[in-house]
Each structure stands twice: as C-alpha cells, then as structure tokens.
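Structures for review follow.
Both complexes below contain subunit A, partnered by subunit B and then by subunit C.
The block that comes next holds the complex of A and B.
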C-alpha cells in the first residue's frame, strides 16, 4: 500500500479540471470566483504536503494512471522540485485572482464572469500537468489547453485591441506548438517511446552510438524552439507586450507570472530528465539558447525603456526576465539550471506583484495607464505604491530582495563555464538597463504632480475605486512577503531545488 | 538519392507540407489563410504519424493470445494522430470564432490593417 499523499498530484489536476466544469455550470460569477480561488488554494496546500513528503524522505515517486504499467500507461512523476513549483504556482494563482478581483467584476460582463473562471481553472490544471507530467505527449495536449485558456484570458476584456492581441498570440502559440509536435513526432520515430524515462534511455543510447544524429538534433532543436516561442524567448516575443499589457490586471499577472513558466518548466524537465545537459551542449543547442537569452535580457530592457504605458513596460520587462531564465539554461551546467529554477520562482512572485500594484495604481488614477498620468498615485493607495516599489527593487536586483539572489546564483553558475566574461557583462548591463526604467517609474508614482494636474486626474477617478481594496491589500502583502523570503531566507529553497534537480 | 526519396516518400511529403503550412501561418496577412496554413501544418504531422506506425502486412493492434504473429501495426502513432486531430479541431474552432468576432468589430481580417486600427483605438 503506497502512502495516500502520492495521489495528490493527480487529484489536484483532476480537481482543477472538475472545477472548470462546475464553474461553467454555476450561474453567478461570485460563486465561480470562490470555487476557483478555493481550488487553487487547496492545490497549493496539497502540493506543500507533497513537498514535505518528498523532501524529508528524499525520494521521488511515479504515479501510474489506472495502474497500467510502463509501455501502456500514462504517468506523473513527482519530486521536491515539481512539488515546490506547483505549490508556488497555485498559491500565486489564487493571489492574482484576489488582487485583481475588483477590476475583474467591474470589467467583465456579468454573464461572462463564470466563463472567465472556467478558463482560469483550465490554466491551473494545465500548469500543474505541465509541471508533473512524465509523458511528452500529455505535455503537448496540456500545452494546447493552456494556449486556448490563455488566449481567452487576453480577450476577456472584449475590447478591439484585445481581440487583435489575442489572435496574434494564438497564431504565434500555434507556431510554437506545431514545432513542438513535429519535434516530438521525430523523436518518437527515432526512439519509439513517449514516456520520459524510456525516452531518456533511448536518447542516451543514441548519444553514445552516434546513430540518427541529424534527426535527433532536429527534434531537440524543434522542441526547444517550440517551447521557446511559447514562452516568449527573445526574437519571438512580438506578441507579448500587446497581449500582456492590454489584458485585465488579474489576466496580465497570471499570464506574465505563471503561464510562461509552465512551458519553461516543461523544457527544464525535458532537459534534465530526457536530453541531459551534456547532449544539449554537444549538439550546440545550449549555445543558441544562451545567445537568445543574453539578447533577450538586453533587448527586452531597451524596449521597456522606450515604453510609456506602465503595463506594456512591465510586459517588456518579462521578455528580459525570460531571457535570464534561458541564459541559465544555456550555460549548460546543472548550477545554471538551478539558478533558472530559482529565477522562475522569483519572477512568479515579483511580476504578479508588479502587475497587481500597477493595476491598482491605475485604478486610483482614473484608469489611465501612462506614467505621466500616474504621477503621485502612490499617495492615493500607499499599499500599492509600496508593493510596486518592492517589486521594482527586486527586479533591479537590490540585496535583500528576491531578484538579487537569483542574479547572484546566475553569476555563480557562470563562473566555471567558458562564457564567464560575456555572461557577467550581460548581467551587469541588464541590471543597469533595468534600473533605467524602474527608477523613473518609481519616481513617477512617488513624486506629486502640480496641483492642477492632480485635480484633473482625480476628476476622472470614481469614488468606488478610491475606496481601500482589502483583497488587493492582502494579495500584495502576501507577494511582498514572498519576495522578501526569497531574498533573505533563500537557503532552504535552494536546498529543495538542488534536491529536486538531483531527484528529477 | 532518388531511391532514398522514394523510400521516405511519406516523410518527404510531410516535411514539404509542414513547410508550406508553416510559411502560410507566418507570412499570410489574411487571418483565414493563417488558419488554413495551421491546418496544413497539422495535416503534415498526421501524415507523418500515420506513416510511422504502419507495418506492411500488419494487422489491427488488438492484444490477444496470438503473440506477434502476424505483426501488429504500431498503435501509438495512430493514437497520437487521433488526439492531435481533436486538438487541431478545437483550436481551429476557437480561431474561427475569434476571427468572426474581429470581423464584426473592424470589418476586415487583414492583420496589417487590424494592427493599425487597434493602435488608433488604443491611443
């Protein structure tokens, strides 16, 4: 008899899918909201339990669906890394919904609200499945589910620009998943497997014997590129600013902080469990990822500097942060991958915090979004101002904030590789560039404008928006705490990540 | 050379079709043509999958007491093609619904014009 806790990864995915069906059937948007938030919070608690079980016992386990064993059945595999990421993702998902609650109920049509939460549940299910899956094709199916759900979140606001952004996002994503699928087909044709452990054996054999070198290279390249397109790796980021910048606050926070991470986690697991870091370096794929990552770090920040619209600025900053993650993967060492995992966590806490606070600041400024019109807005909601400040300082990489630790780990991972100078230079340059757009944004929200400008802005603002928002305050407090925990008490977390990568 | 191509005729056709679909998805400005490009791309993958699993003279893969005589065709690629078709239909339906919504609002489905119109509305 296996311990009950081993059922939880599957149960949480199933619960999220079930909640998706239930929320589509209930009448009121508020009920749907509570069901969704409850399911996300419950999933977070379940994964914390799984984390405790796997980390303390130092083990990983495979959950075979319906007890059909290896060549026939589908499986989930869970170790400390997956449990930690899944609990963080679920918690942040619930927090995003709480923080963006007021705007959601203002902006969505009453009849459509429950459908929005259906899509959020589907996203939650696909995020968890992408983290836990042990079968590459299941990964593909959930990639597509998450694509449709993410596009629906973008278009939920139902304004013209959002529809156009959603269709661009959809086509870009389809390109990515098409590439992933044909890469997967080729990999299946040279190895004959879909389950990751069997695939890993076959790939290792091919690597030693040198057979099918070209199909293997093409398959690895296509799968990496496909997931790269979907997670907005630098040259494929064009869809991101409109999609993330235009959507409702909660959608932006979920899309930027979590949805991109689902694909990145699948890529990380594929690299660690199937391809192996050495194979990636041998095929030259690691260098390509590194180059795109470095370019993305710099280009994303340069675009963000030129942007005046606060949410689009944050969206470009996401491009830069995804660049960091790919840089860690491209270093081609296990330390680099651990640094990437840590950065996934930091960014998953930091970017939703920034988006939620930006949404709140713009709500107390008559829903204006340009930095000019947000001047002095931090005084109208001090909590949002502080949250934005914490997020921005963490993004720049000030010590004690989460962003500093991940930069430190990236720099540390770069030392033993042949790319030390280039990588360190890029990290330094990108830090300066980050400061170049976050500091002006901070000044803008904390410096009071001339009195007549402030009156004009206040004239546009509704009284109900100025009222304190308890849900938002709780959400931003939780995320601020998370950023500080990642920045100060990071040792236990990196220990879990190291154990997780070892037990992948 | 020619013999290689003939032997791998399914794979060669699939790669050509995938390229055609991919180019359409990337380069066309008309949204409907983009959807068609995506469908061609997926069809190429299904062709590749179907040809991979086929074994000359193989029978339907039903596990019974006959062992491996006669040979079964490989059931996994067929299963994948089936799942892939479902996914592709769902995405096509979603994309078409979205395009219809966009057409009702803007009266055009040319991406370039749409981007300009959306930009104007955003300012």
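The block that comes next holds the complex of A and C.
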C-alpha cells in the first residue's frame, strides 16, 4: 500500500476528465463554470501537496496505472519538477477562467457554454497528463485531446475570422501530431519500447552501438519538429496569431499561457529522460533547435512591432517567448533546460495576465482592439492598467519582475557553451525589440487621448462593461503577485527546478 | 544638409519629449495608424477583402512550396524506412520481453481470453480511456461547430420537406437488415472480452444500425429509437461509467489492494461500445441535419 499522496496525480487527471464528461451534460453554463474552476483549483492544491511530499523527501515515484509494472503497462512518473509545473498550470487555468468570466458569458451562445467548459476540463487533464506521463504513447493520446480541445476553444466564438483561424490551427496542429506519431512508431520499431525508462535504455544502447542510426535520427527529428509545430516554434508559428488573437479573452490566455507549455514540457521530459542531452547534440538536433529559437526570439518581436491589434501583438510576443524556451533547450546543457523550465513558469503567469488585462482594457473601450482606440483606457480600469504594466515590464525583462530572472538564467546558461556571443547578443537584441512594442503599448494605455476621442470611445462602451469586475480583479492580483514572486523570491523555485531536473 | 536637419529635428523632438513638453502620442505611437474607430460592418467587409488578398498571395507560391516540402518528406521517410528492421523478422527489436509477456501472461494477469483485448483494456488501458475521451471530445467539438440553437423555427421550416422524402428501396432493404445488425452488435459487445477490440467493433456496428434507421426511415423514427435527451444520457453515462470503473481498477491495482471487480473488462467494453456507437451516430446526425 503506497502513501495516499502518491495517488493524487492520477486522481487529478481522472477528476479533470470526469469533470469534462459531466459538464457536457449539465444544463447551465454557470454550473459548468463552477465545476471547472473548482476542479482546477482542487488540482492545484493536490499538486502542491505532491510537491511538498516529493521535494522535502527528495524523491520521485512511478505510479503504475493498474497492477502492471514498468515496461508492460501505462505509468505516471512524478517528481518535484512535474508537481511544480502541474500546480502552476492548474492555478493559472483557474485564474484565466475567473479573469475572463464576464466576457465568456457575454460572447458564448448559451447552448455552447457547457461544451466550452468540457473543452477546458479536457485541456486541464491533457496538460496534467502531458506533464506526468511516463509513457510516450500516453503522451500522444493526450496531445490529440489537447489538439481537439484547443481548436474548439478558438471556434467557440462564432465568427468568420475565428473559423478560418481554427481551421488553420487544426491543420497545422494535426500535422504536428502526425509527425510526432510517425516519429514515435519509428522509435518503437527500433527500440521495442514505449515506456520512457525502458526506451531510454534502448536508445542509449543504440547510441553506443550505432545501429539504426538513420531511423533514430529521423524519429528524434520528427518528434521534436512535431512538438515544435504544435508549440509554435518559429518557422511553424503562422497559425498562432490568428488563433490566439481572435479567440475570447479566457481562451487566448489559456491557449497562449498553458496549452503551448504542455507540448514543451513533454519535449523537455523526452529530452531529459529519453534522448539525453548528449544524443541531441550528437545528432545535431540541438543546434537546429537553438537556431530556430534565436530566430523566433527576433522574428516574433519584429512581427509584434508591426501589429496594432493588441491581442495579435501579444500573440506574436508569445512566438518570441517560445523562442526563448527553445533557445534554452538548444543550448544543450542542463542549466539551459532549467532556465527553460523557469521561463515556462514565468510565461505561464505573465502572458495570461497580459491577455486578461488586454481583454478588460478593450472591454472598457467598447471592445475595440487597436492600440489607438485603447488610449487612456488604463484610467477606466486602473487594475487592468497596472496588471498590463506589470506583465509588459516583466516581458521586457526589468529587474524585480519574473522575466528578468529568466533572462538572467538564460544568459548564465549560455556562458559555458560555445554559443555564448551569439546567444547573449540575441537576448540583448530581443530585449530591445520587446521594449519597442511594449513601451508604446504602455504609453498608449496610460496617455489620455483628446477629449472628443475619449467621448467617442465611451459612446461605444456599455455601462455593464464599465462596472468593476471583481473576478477579474482577483485574478489579475493573483497573477501580478505570481510575477513578483518569480522575480524576487526566485531561489526556492529554482532550487525545486534543479532538484526536479536531477530527479526526473 | 537634409540629413543634418532631420537629425537635429529628431534630437529636438526627443529632448522635448524627455522634458515632458510635448504630448508623446504622435512620436511614440508610431506603430499605430490614425484610423477611425472600426464599425462592425466595415470589419466584416475589410476582413473578406484582406482574406481574399491573402489567399491570392498564398496560392501564388503554395503549389511549388508544397511539392518541394512533400518530396523532401517522402525522401526522408523512405530513407528512414529502408534502414528500419525488416517486417516480421524474429530478431526485430519489437520482439522483446514486452510482447512476450503480453502473449504468455496476458490471460492470467488480466483475465482476458484475447491478447489484443488484454493489451488495449488491461496493460495499456489508460491510453484506451484517453482515446475514448478523444471520441467524446470530437462529437462535442462538432456540436460546438454545427449545433443549432434550440428555438429557431426558421431552420426547422427549411429542413422539414427534405426529410419527409423516403426511399422505397432503402426502406425495404433496411427493414430486415436493422434487427440483424443490432443483434450482431449486441452479440459482439457481449463477447467483447474474447474478441480483439470487441467493444470498438461492436459499438461501430450498433452506431451503423442507428445511422441506417435514420437514413431509411427519417430522423423522426431514429429519434423515437434514441431521442436527443436519451442520446446525451447514454453518451455521458457510457464514458462516465468507463471512467469510474477504470479509475477504480487503476486505484486498486496501483495500491496493491484485493481486486473484487470480476468481469470488469466486459463492463468496460460495453461502455466503450456505447461511446463508439454514440460517436459515429452523432457525427452522422450532426453533419446531415445539424442536430441529434
């Protein structure tokens, strides 16, 4: 009989799946909303408990799904890294739902609300499963769930542009899944395993013996590229701005802050647990990832500078931030991977904050989205203005905010590698580019426009949108706190990450 | 000369901006065009025009780029496949202790007669539950996309005449066929433990029976067989029962408790069957008439 706390990862995944099934059958959208938020909050609490257990005891455990031991049946693997990421994801999921609550109920047709929350629950389950899985095929199954649910979030808001964006997203995403699946079957046929520990042994053997070199290379390439397409790695990012920029506020926050991270975490775990950093460097995959990451950091920001639609600007900024994460992976060192993990956390808090605040600012400006029409909007909802400011400063990388610490760690990780100059230069350049679009956006929301413009905007605004939104205020306060905690008290968190990577 | 003047001008503007003498909007908001606030109607048209332009540009380079990418992918995959272990040889890496165990001990460890069922419901049952959730989600996604609002008489009016038309040949052929289909489906579901993937194939047949009913005798009679409420209840109940039973199975197995759930696989397969049947019937109904 194992300690009860070891059941929690499995229980939280099943809870989210069952909540998804139940919310499809409940009558009212409000009930579905409360079930979903409750499940996410409960999952966050459960994973915090798991985190305490694994970190303080300094252990990891494998949870067999059923009575069948490691190489035969499905299993979950849990250490401090997984528990930390899972609790952060669940918490942010609940926060996104709270922050975008008002707009969700305004924009979704009543008949579709419950199905929307089904999708959110399934996304939560797939995020947790992708984080915890110790079986590559389970990873694939939950990638599928995540794909369908994410596309449904985009198309839940009924409009032409959204449907087009959802179709593009679906095609690109399915191509990514397909590549991952082909890579997975190739890997399975040269190793004979699907569970990660057994797979790792077989891959290490193949690496030493040099057998099946070409299929192994192609398999690794396809799996990395498949996950890269799905997490908007730079040259495959074209689906992202339409999908994330057009969706409802809560959807954008969830898609940008969390869904991409599920795939990235799976990739990180695959690299750490199965392929090993050395194999990736040997096959040359690390350099390709690094190049795509660096290009993404710069290109994403350049595209964002050209945007004047605030949500599309944030979406392009996501491309740049994902580029940072891939740069950390591509450095090919454990420090780089830890920096990437930290940035996953920072971005998972920062981007939802920015999207929620942008949604609120646009709600108090008559649902206009162009920066020009948002001028002075921060005074109409000061909380949203402050939240946006905190998020933007963190994205630029100002000290005391979370983004600074991750840039610092990236720079540190780049020092012992052969790519120091290139990486540091790219970080510096990308910081300047980030400032080039976030500072004008900040000035736009904080500088009052001429009186007649403001009156025109106010004329478009509904009174109910101007009323203060308590749920939003709580959500944004929580995320602001998270950004500051990541920026100031980051040592405990990086300690957990280091322990987690060691125990992966 | 000209350069110099611009430079000075820029510096003057910058200093005055830093000193706070000047409204920063025109200089700092350089990313924004000065545009009138958007009207809902304009955006729609604007979007269509923009989209057409984008499509035009897209089709200019799409065929060539697609051909190149496809050829490269084909070449890479062919080279990889040529270097992979040959099909069906005894010393392939996949013929290892894992498949050996599935074949030799599958029966005693899972209690299932069939090795395929032992694997998909027993050893790798979590994946199968995930796949069932994928099916459930797929129908939910189509509902989000296609489901019409419940109280809209306009849609119902345009739809009715089409559905009244019955096809004599289809009807006469379906009349003797449907009972047998449902019978065989029930047989397959009840024997799903001992057949490979029994729940899935039985469920498909059950769904096909419903689709044939709906196609031959019209939506009315299919709805009499399985109304909207019943459909939703069966679908939810099937997956929920599967989830709860399988969750209990995992919990017992992982904690090493005494297993009192005998014949569990039969129940699991029945639940899978219900989910599959509802999925394919749901797709048919939603795509053909926009509602269950």
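Simple rule for what comes next: the second predicted complex is superposed on the first by the 503 of 504 C-alpha atoms of A that agree within 3 Å, B and C clash if a C-alpha of one lies under 4 Å from a C-alpha of the other, contacts with A are read in each partner's own complex, and residues count from 1 in each chain.
Simple rule for what comes next: a contact is a pair of C-beta atoms (placed from the backbone, for glycine too) under 8 Å apart; a residue touches a chain by one contact, two chains touch by 3 or more.
Only a predicted model underlies this, so the values are computations on that prediction, with no experimental measurement involved.
The superposed arrangement places subunit B and subunit C in clashing positions on subunit A.
Which of subunit B and subunit C touches more residues of subunit A is settled by the count: it is C.
In the superposed model, A:74 makes contact with subunit C only, not with subunit B. In the superposition on chain A, A:14 contacts subunit C only, with no contact to subunit B.
In the superposition on chain A, contact of A:118 is made with subunit C only, not with subunit B. Contact with neither subunit B nor subunit C is seen for A:431 once the two complexes are overlaid on the shared chain.
Judged by the touch definition given at the top, the superposed model places A:149 against subunit C, while subunit B stays out of reach. In the superposed model, A:174 makes contact with subunit B only, not with subunit C. Taken together, the two complexes place residues 137, 141, 144, 148, 151, 155, 160-161, 164, 182, 188-189 of subunit A in contact with subunit B and also with subunit C. The part of subunit A that touches subunit C in the complex is made up of residues 1-2, 7, 10, 14, 17-18, 20-22, 24-25, 63-68, 71-74, 109, 111-112, 115-116, 118-119, 122, 125, 129, 135, 137-138, 141-142, 144-145, 148-149, 151-152, 155-156, 160-161, 164, 182, 186, 188-193, 198, 202, 212-215, 217-219, 305-308, 366, 368, 370-373, 375, 437, 439-440, 443-444, 447, 449, 456-457, 460. Residue ranges of subunit C in contact with subunit A, taken from their complex: 23-25, 28-35, 37-38, 44, 47-48, 51, 76-77, 79-81, 83-85, 92-99, 101-102, 109, 122-127, 129-131, 133-134, 136-138, 140-141, 143-145, 147, 149-150, 232-233, 235-236, 239-240, 243-244, 247, 249-257, 259.
Residue ranges on subunit B touching subunit A, taken from their complex, read 18, 21-22, 25-26, 31, 34, 38, 41-42, 44-45, 48-49, 52, 76-77, 80, 83-84, 87, 90-91, 94-95, 98-99, 101-102, 105-106, 111, 114-115, 117-119, 121-122.
Here subunit A touches subunit B in the complex through residues 137, 140-141, 144, 147-148, 151, 155, 159-161, 163-168, 170-171, 174-175, 178, 181-182, 185, 188-189, 194, 242, 246, going by the rule given at the top.
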